[in-house]
Structures are given as C-alpha cells and as structure tokens.
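Look at the two complexes coming up: chain A is in both, with chain B in one and chain C in the other.
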Partner chain A sequence: MPPTPRLAPLNQASRQSRSADRLKGKLLIVASTLALTLGPWQVAHAQDGTDLLNVSYDPTREFYRQYNELFAAWWVAQGHASVTLRQSHGGSGGQARAVIDGLDASVVTLALSADIDAIAQRTGLIPEDWQARLPHNSSPYTSTIVFLVRDGNPLGIRDWDDLIRDDVSVITPNPKTSGGARWNFMAAWAWALHAYDGDEAQARAYMSALYHNVPVLDTGARGATNTFTQRGIGDVLLAWENEAFLALAEQGEGAFDIVVPSVSMLAEPPVALVDGNITSDTQREVAEAYLDHLYSPEAQALALHNFYRAWDVSAAAPEDIARFPQVERLSIDDFGGWAEVQPVFFGDGGVFDQIYEEQ
Partner chain B sequence: MSDAAPALQLRSGKSAPQVTTEPRAARFALIGCVVALTGVLLFAPLAAVFAEALAQGWRASLEGLASPDAHAAIRLTLIVAAITVPLNALFGVAAAWAISKFDFRGKALLITLIDLPFSVSPVVAGLALVLLFGANSSLGAWLIAHDLKIVFAFPGIVLATLFVTFPFIARELIPVMMEQGRAEEEAALTLGASGWRVFRTVTLPNIRWALLYGVLLCNARAMGEFGAVAVISGKIRGETTTMPIMIEMLYNEYLSVAAFSLAAALALLALVTLGVKSLLEWRYADLLAATRRH
Partner chain C sequence: MRAGILRTPSPLPGFGLSFAITLAMLSAVVLLPIAALVGRGLMIGPVELWEMVGTRRIRAALALSFRAALVASLFNLVFGLALAWVLVRYRFWGRRLIDAAIDLPFALPTAVAGLALTALYAPNGAFGQLLAPLGLRVAYTEVGIWLALVFIGLPFVVRTVQPVIEEIDREVEEASATLGARRSYTLRRVVLPMLTPALLTGFALALARSVGEYGSVIFIAGNLPFQTEIAPLLIVIRLEEYNYDAATAIGLAMLTISFAMLFAINALQIWSRRRIGHA
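After this line comes the complex of A and B, so read on.
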C-alpha cells in the first residue's frame, strides 16, 4: 500500500503539464482574436473632423433619430462629404453635467436654457449670449406641460387644484436632474400664483401639498413616463405634451387620456453650438448647418410629426397641426427668465428644497 | 477490496437506516419551497426575458439585434470583457499568490483594498473616475489638452469595469490557496526549482479550477456591469453604449422587443460561459477529482 500514494502525484503532474501546454495554445488563440477585433475598432473611430455629437435630453430620442437621417441625407445632397452623427440622451440636467465634466458635445439640444447656461457659466465652452444666436430664443420647437391620466379619467382630474386631493397620486421627475420636471414645477407655480392672486405663501403651500402626493421622483422625463405607463404607478403624470402624445401613440389610444390644464407653460427646449468643443472649420460648418436646418420647413414638419409645437407649418401634414389643443401658455420670462428662476427655485436650498424638506 | 464489499452492501440493502428523522411531509414541503423559490427568483425572470424577446416572433427579435447600434454594443461589451478579465486574472493570481504564500507587513491592508470594490457602490466608483479624469480636475484637463479621452470614452468604460470586477478572481483564489498551504511549494523549492517553475508546475495546476470559476464570475460581471459604466459612458449611441446601457436605452424608447432581444443575448452570453464551464468540468472530470483531493 505505501508506494501507491507517492506514485499518484507524479503521474498527475505529467498529465497536468500536458494540459498546461494545451492551455497555452488556447491563450494564444484568444490573444490573437482580441488583437483582430481591437484593430478595426480603433480605425473605425478615427476622428476626421466631420463627425458631430448631439447631446440631447430624454424625450427627443425619436425626433433626433429621424432628424439625423434627414440632415445626413440633406447635407450630402448639398454636395458635402458625408457626416457621422453621434447621439446621446439622458435627463437634461445630467447631460449638461456630463458636458461640463468633459463629454465632447458639438451641439447641445437640452430641455431648458438654464442647463445650457450652466455649461456656459461653468466651462466657457459656450458664449454667455448663446440664446440670441438662433431665432425664437434658440428654440426650434416648443411644447407645454399637460396631464396624462388613466383611460376615462376615473378620478375626474381637470385642473391643477385636483392634483392636491388626498386620493390623487402624481408622477413627476426630480427637478434637480430633469428639465421637464422644472417646467412641471413652474407650470404648477404659475397656476397657483394665478389662483391665489399672487400670494406666494399660499402658492408654496399648494406646491408642498402637490409634492406630498408624489410617490417617486425619477431622474428623467422618460423614466417618469415609464413609471406611469409601464409600471402602472400613480393617477396622473405631469408630462411634456410631446411625451404624453408619444405615450398615447406607443401604448395605444385606449390606455390613457390627455387632460389640458387651464394654465401651463410655453416650454422652450433650446439648442446651442458648443464652440469650445469644435475642433475644425469643417466641423463648425456642419454643426452650424445642423442647428440652422432644424428651422427648415422639412425639419419643422418632422418636429410637428413628433408632437412638438414647431413654428413653421408650411410642410407639415394637416393632422400633425390639428392635434394641438388651445392652452394658455405663460413664458418663463414672466417669472424673470431661467437665469433668475433656476437659483431661486432649484438651486441649493431654493424653493424646491424648502418645500421638499417640509414633507 | 475485501474491506469495501460489506460497505457497498450496507448502502444498497433494503433495511438501510434513515439518515433524516423528519417526517416525509416536512421534507417534501422544504424541497417544494426551494423549488418554488428558485423557480420564481431564477427561472421565471429569465423565461420572461426570453418570452418578451420572442413576443413578436424570431424575425422581429433578430431584426432588433441586427441594428448597427446593437452590433456596436455587443462588440464593445465583448472587447471590454476581453480586456478586463485577463488583466484581473493576472492581478488576482499575483495578489492571491502573495497573500497566501508569503508573510509581509500590511497583508491585512492589502486584503481590505482588494475587497474595496465589493463595498463601494458602482455609482460611486463611476463618479470617482469622473471626478479624477473629468474636465474639471487638473489631471483631466491635462489629458484633454493632449487629446487623451478617458471619461465618456472607451478607456473610461474599461477603467470602471476593471475597478468593479477587481476582487472577483483574487477573492476566489485566496481561500483555496490558503487552505492548500505552502508545503508543496516549499518541497519544490528544496528540490531546487526556481520560483517561476514552482508557480507554473505546482501552484498553477492546484488552483486552475478556482481560477476558472473566478474568471467566469469576473467575465459575467464585466459584461453585465451597469452602474459604474452608466455614469462614465456618456451614452453615445453605437460608441460608448455597452449591452446593459443599450438595453435600458431601447426599453426607454418603447422598443421592448429590441431591448429584450439584447437582454436575451446578454443572458445567452452568460449561459454560454456557464456551458463552457460545465463542458470543461465534464471533460476534465478525472483531473478535477484529483485536484479536489488536496
């Protein structure tokens, strides 16, 4: 018996060294496959100056997917070399933060001017007067804030005062990270000031009651829409009008109803060239054309088709124009513009923080 | 041989003594609980993903995977895994070898450092990288000035994944190597083997199965990592979107079939690694049994 255990490890060791050789062969194959895959990847991403990165906010995914195709075809039809359009989406505030942290956006198309202001102020990549560079406050399309309710409006929600009822649960994203949420907040504020004859204390009490009815604060508009439509949480979603129409189109007309409140906001999602990230004259030319072309009749028709209230209806289909209900839309300038509203309402310790801490 | 025969008879005999004393009902209830739990927690979600992916048939599902963006996401995920897993394997083996076979000051500190990525939330890891390499740090500004992109680009994604998957292989190896002790290595050294030869012919064969498990775990996590990568990716379509990020994006765009097809593909990649593991275990069953004896 004693000799056997001593022999076993020896035998085993020789078998192991044979399979170790086999292992080495496999490693070589893996390494060469890796080299082959990596090679083309780096070539494909070589910068030739005619690529463009559009950093945008959440609900524009569908619109910019279509617009990028439209623009790429139009640009080549104008006799230029083809251009690579890169696209990024997320909550507007978060996207602005990413550009500040070094995301090399050539153009930003965000939810509100405060986010582009933040990039301009913190990095200097964009000149302070950016909003005057393009027509309509640099907003090629606008929208408003509406309510999306469950089919048949079972709770009978008609206007802003219904949202503070005890039996109503409201879905809206976090104004700290979402541009749409800030428009929602200001629309509610506008109504409250109007309803209480400009009494700010009462308006605050209303806002506090409203946010008391909010069970979750998503980080972006699209996340909030999904919470409401797919996860089935809440009785009413405060949404971009375009987002509400899109939810109807995607989820079926029978699932939800749109309720238009008596007062809402003229929501202007602006666009801007990020001058500091432009690396060549060719790229600047493409980027400027990309933004200018947003105002062309075809692009405006595309925006209308994607449920945005655009300016130029000349090329739009009649049903894309007829869809929009009449609504009294207040401008953010009635509250002093985003430059003033942003720090007062959404800055650290601002009105939103105060009412949210009271909860 | 003569010793083994009665033992075998005893086990196959009809009047074998009951090992457990619990009544049948209790045993079946417990087994039923386990089956139901694994069914609900493991199989149902996986089945739901595949069902949703195939909701509109194979064709729609394959179309969802055929888009250039989905291809780019799959390729990026595979490349990231192909870079991070070997690096972490190298690091993991080196760290486990140092910790289990040598005594030195600060060993406890090293073990704590290895565990750090386990205890830090991936989001924090991603944010830390953005802070360190972002445009607002002096290092980040220098890198950007020299046209070296780290955050919101490929290197950042690799760094984030590397950080998050750091402990997987080392943590798998350390207990095994500790248990094995250093007697065999010491014997090899006294017989005149060099350090490298000891590692190659004594240590490595002993740990190869633990290493394989570690590599598989590390690979699964590297391909599936969401939090840290989401912070640092910049979400540029077809460029810095890995499969998990792309899945979220597609889902948010109401493209459920495409989203779940990609999710199914990611799950399949994980199942393939599991399959490879089982295949290797079956192929080298005798070797496995031999190493387990140590």
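After this line comes the complex of A and C, so read on.
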C-alpha cells in the first residue's frame, strides 16, 4: 500500500481558488517590484508649471547659484508666484547628451553652441534658429582663452609660439570630451592661421607640435586645472579666463600668473529655451524671463563678478571690470561657426584625430 | 489518483515565485542592457562593426585595456594569495585592521581612489617625489593604469582565496611532511592544487572588473591616444561625438573578448577541479 499523503486531497474547486489566490499574490509581488523600480523615476518626472531646470556646464556652478537667488527674488518682486529653480552641472557635451536622452531641461546654458545645435538637430526640442532668439548670439556673458603659468612666469611664456618650445609642457583637456577644450584648440588654430598667413599645412604642423607638448589629456576642464594647480604638471595651462581667475582666487595670488596671448577666441557660452520640454504657459513665461533677465544690469554685474566678460557694465563694481585686459578675440564665425568647425576638427578622423594618427 | 497530487513538493517552498522575481530583476538590471547592446550591434551589421573596431587607435586602446588588466590581475593573483595566507595563518597585532582594510577598494568610490593614487604618485606627490629622481614615472603612464587596476582588483583575489585557506586542514601538510616532503614540495603539490580553483575564480573576477574600469583609471592615466588611452575612455569619446554605433562596436568588442577570457578561465577551473578530484 502506498503511504497516505499527509494532506488530504483537496477538492477541485478549493484547489482552483487557491491557485487563483497564488496567482494574485504573484501578480501583487511583481507589480510592487515594478512599482519600486519605476517609482523614483516617475517622481523625478513629476513637474508643476513653476518648476525650472537649468542644465548647465561645470564652471557656471557658482554663477548660477547666485543668479538663481537674484532671479527668484526679482520674479516675486514683479508680483509673480514663487518659482523653484534647479540646476544641473557637468561636462557640456555630457549634459547635452543627457537632454537628448530625456533629461527634462527647461533651459540649457552650455559651453558652446555646437552642444545646443546637437540637441536641436537630434530631438527637435529646440528650433534650429535658436541662437538668433536672444541678443549677442544668445550669449549673455563671454570669455576668452588665456595662459595660466607658474608664479613669475619662469619660462618667459608670452604667446602661442612659446608653447611649442621643447622645454615647455602644456596642459589642456581632451577636446573630444571637453567643450571648453575645443575653444582652446580653436584659439591656438586662430593664432597659427594668423601667424602663418593662412597656410593651413603650417597651422596643422603647429597644432601637432603643440599637442606633442601635452603630457596629460584630462577629460574635463576642471580636471585639467587640477592637474596643473594641484599635481604640479606642466608649465602652462590653457584655460578659460574665468577659470584662470578662479584658480588665482582660490590658490592665492602668489602661485600663478595669467598671460594673455596676442590672439584668442571670443568664447561664447550660449543659453537657450528648450521649447519641447515646456509643459505650461506659466512655465514658458518663467523660463523666458529667466533667460532674458540674464541680460539685466544686475545679472551682468554678477557675471562680471564671477570672472565672465559681460556686455552691460552699468551696475558692476569697478574692480570687476578693471580685471579684464584687452585682447584681440576672434569669433568662431570667422571659421564658419561651430556647425562647420565641429565635424572638420573634432569629428571622428578630424584634424584633432589626425594629429595623433600621424605621430 | 492524479499525478499532480503525488508530485513531491520541494522541501523549500516558494521556488516558482522567488525564481520569477530573480529572473525579473536580473532581466531589468543585467540582461536587458546587454541585450540592447547586442541588439544595436546586430542592427549595424558584422562587416561595419569589424571596420569600426579595426582602426589602429581602437586596437591600441583595446590592447592597452586588456594588457593592463592582465598584468594587474596576475600581480593580484600572487600578492593577493600571499596576503590571504598571512591573514589566515598568522596571528599578529593589527591583523583585524588589515583584514578590514582589504575591503576598502570595494567601498571607496573609484574616482576617489584614482584621485588619491594620482595625488600620491604625481611627480610632486609623496611617492612620486621619491621616484622622480630615479627617472621613474608612475602617474600618467601605463604603470599608473596598472596601479589603479591592482588597487580595485585586490579584494577579489583575497576574499575568494581566504575562506579556502581557512578550510585546509593542517594535518594534510603535516602528513606530507612526515612522508618526507620538503616544504616547497608540500606547497607545490599539496596546498596550491587545493587553492587553484579559488585562485582562478579570484583572478577571473579581478580581471573582469579591471578590464572595464573607468572611474579610477581616468585620473591616473594620461589619456593620450595610442599611449594611455583605455578602451572605456574611447567609448565615452565616441558617445561625445554622438557616434553611438562606434561606441556600440567598442562595447561589443570588449564584451566578446571578456567573455572569451572568462570562458577560458572557467574551462581551466573545471579541468583543475577534475584533476584534484573535486568534480
């Protein structure tokens, strides 16, 4: 005789209801697992109309923190409801890609127009003619590329031709990963074309010699600044003027000198409204005002105070204006604009890649 | 009587449910991203993939990544074993502290590790200053990459070998000694064969971890094309160019090579298990 089962056999109906219960239980667990996984994601996307996300690049962190306070106070003083301002910072190219991949930016304030062009072309969230919507190529503040050298300039570095000397080592980030470094590259290129009377072959040879003197290609501008200031690598750092002033302010005056080359670039970090991410009229109104107000005398003074060159100096402190030396700044439009420069110089197999392929 | 009632249930209840949850989570976190990578690769087509991976620069980066990971993991294999042996077999002051410190590379954000190593080994750093007069450069060279990979891979070897050493009965070694074996012979023919499977596992884990390592390496490598540019950085560079296809190609190449290496190590492991009779 077979051993009797410990449990008496259940009748058909109760077994069915039990398996139905089991199924319900399983569904419940699967559903709650899904909810747990997706929950935070949905919260991050919940947004009311007066919430603004400014997706920016690295060095503007301090400026926008101050500007957000300024704008929030001004906005309420204009008789509007208060507004929540959030900011996000990172490498300019990475930030653009985040917006392309779905980051809910209301406005973008990036290092170069090529990154905003990429958002416009790849997603259609921004109209193609975005750069004409605000004054000065949509760049409320500008900067330029300067040299940061060791205290007292021991190697006597004065201009771009000194950078290809055998005894000089140059720090600049990788233009492939750093938007800021593309301005560095173009500033050197601008000088080389100028110096060799537009001879491209000689300009390329100069660029090759220049990058031959670069011992470390950091992935971002802040990393390059650290390599130069903290690690003590290199004799000269190619830097945005605002970063150079910031390094001076943080490291104390005695550590470094700023050298202004004869020719440099007009670095324009532009701003744009991300139309496609705007969910309500109220939000659009706030976002447009947020960008327009960047051109107000108070905001311009704030930009000057954060070492950016601004257009309107009427409200700025005299010492914030006196800081900036005269320099001949070429515009990227002299080279056909970023739309043309980007693929030729920094695309796969472009001028920058060729420098290393030849070595 | 129906077969369903007689089917003996597993002594552990809830297999179906827990298996389903495991599978769901595994799919969402591991399988789907890899499937997306492979799927994208399939859409590109094998010829184009091969062309994208075949450039001199990508080959150089892949070679560097796998060479550095291999060197670092071999180093960890030897010194991780020594470290685990010391921690298990000897009692000394500070043992618990060292034991706890082994796990630090697991816990420390890799960026912090990279920055700390760079600060120490840069020419103006504490160790870099001592090495510079000898003409030795560590930071911003391939040696720096090894160093970072040794750091992140070490706990994998130690933590897999340690429990196995604890399991080894001292009597086995004593028996070997009473039978006339010299110490090196005992080590070679008695102890090491017992440790081989664990050593291989630790080696494979360390290797797999260091091949794809980005966060710590990026700070200490100079990131110069053809010299110190690792493959994961090249993926990031391709992404910055919005060239998702090329990024996919490099990712797939790394996945394939890693898979082949892990497969070889696993085969070696099965062979070594059979050899010492643990099949």
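Things to note:
FYI, the second predicted complex is superposed on the first by the 312 of 359 C-alpha atoms of A that agree within 3 Å, B and C clash if a C-alpha of one lies under 4 Å from a C-alpha of the other, contacts with A are read in each partner's own complex, and residues count from 1 in each chain.
As a convention for this text, a residue touches a chain if its C-beta (ideal position, glycine included) is under 8 Å from a C-beta of that chain, and two chains touch if they have at least 3 such contacts.
Computed from a predicted model, the values in this text were never measured in an experiment.
Looking at the shared chain after the overlay, A:T177 reaches chain C, while chain B stays out of its contact range. Of the two partner chains, chain B is the only one touched by A:Q87; chain C is not.
Once the two complexes are laid over each other on the shared chain, residue contacts for A:D104 go to chain B alone; chain C is not touched. Looking at the shared chain after the overlay, A:E357 reaches chain C, while chain B stays out of its contact range. Look at A:I258: by the touch rule set out above, it reaches neither chain B nor chain C.
With both structures placed on the common chain, the touch criterion links A:V327 to neither chain B nor chain C. Of the two partner chains placed around the shared chain by superposition, chain B and chain C are both touched by A:G223.
Overlap of the chain B and chain C contact sets on chain A: residues 30, 37, 100, 223. For chain A in complex with chain B, the touching residues are 8, 12-13, 15-17, 19-20, 30, 34, 37-38, 41, 45, 53, 58, 61-62, 86-90, 98, 100-104, 123, 222-223, 226, 246, 250. Chain C contributes residues 5-6, 16-17, 20-21, 24-25, 28, 56-57, 118-119, 122-125, 139-140, 218-219, 222-226, 233, 236-243, 246 to its touches with chain A in the complex.
If you check the complex, the residues on chain B that touch chain A are 75, 78-79, 82-83, 130, 133-136, 140, 144, 149, 151-152, 154, 200-201, 204-205, 234-239, 249, 251-254, 284, 287, 290. For chain A in complex with chain C, the touching residues are 5, 9, 25-26, 29-30, 33, 37, 93-94, 97, 100, 118, 122, 174, 176-177, 214-219, 223, 230-233, 346-348, 353, 356-357, 359.
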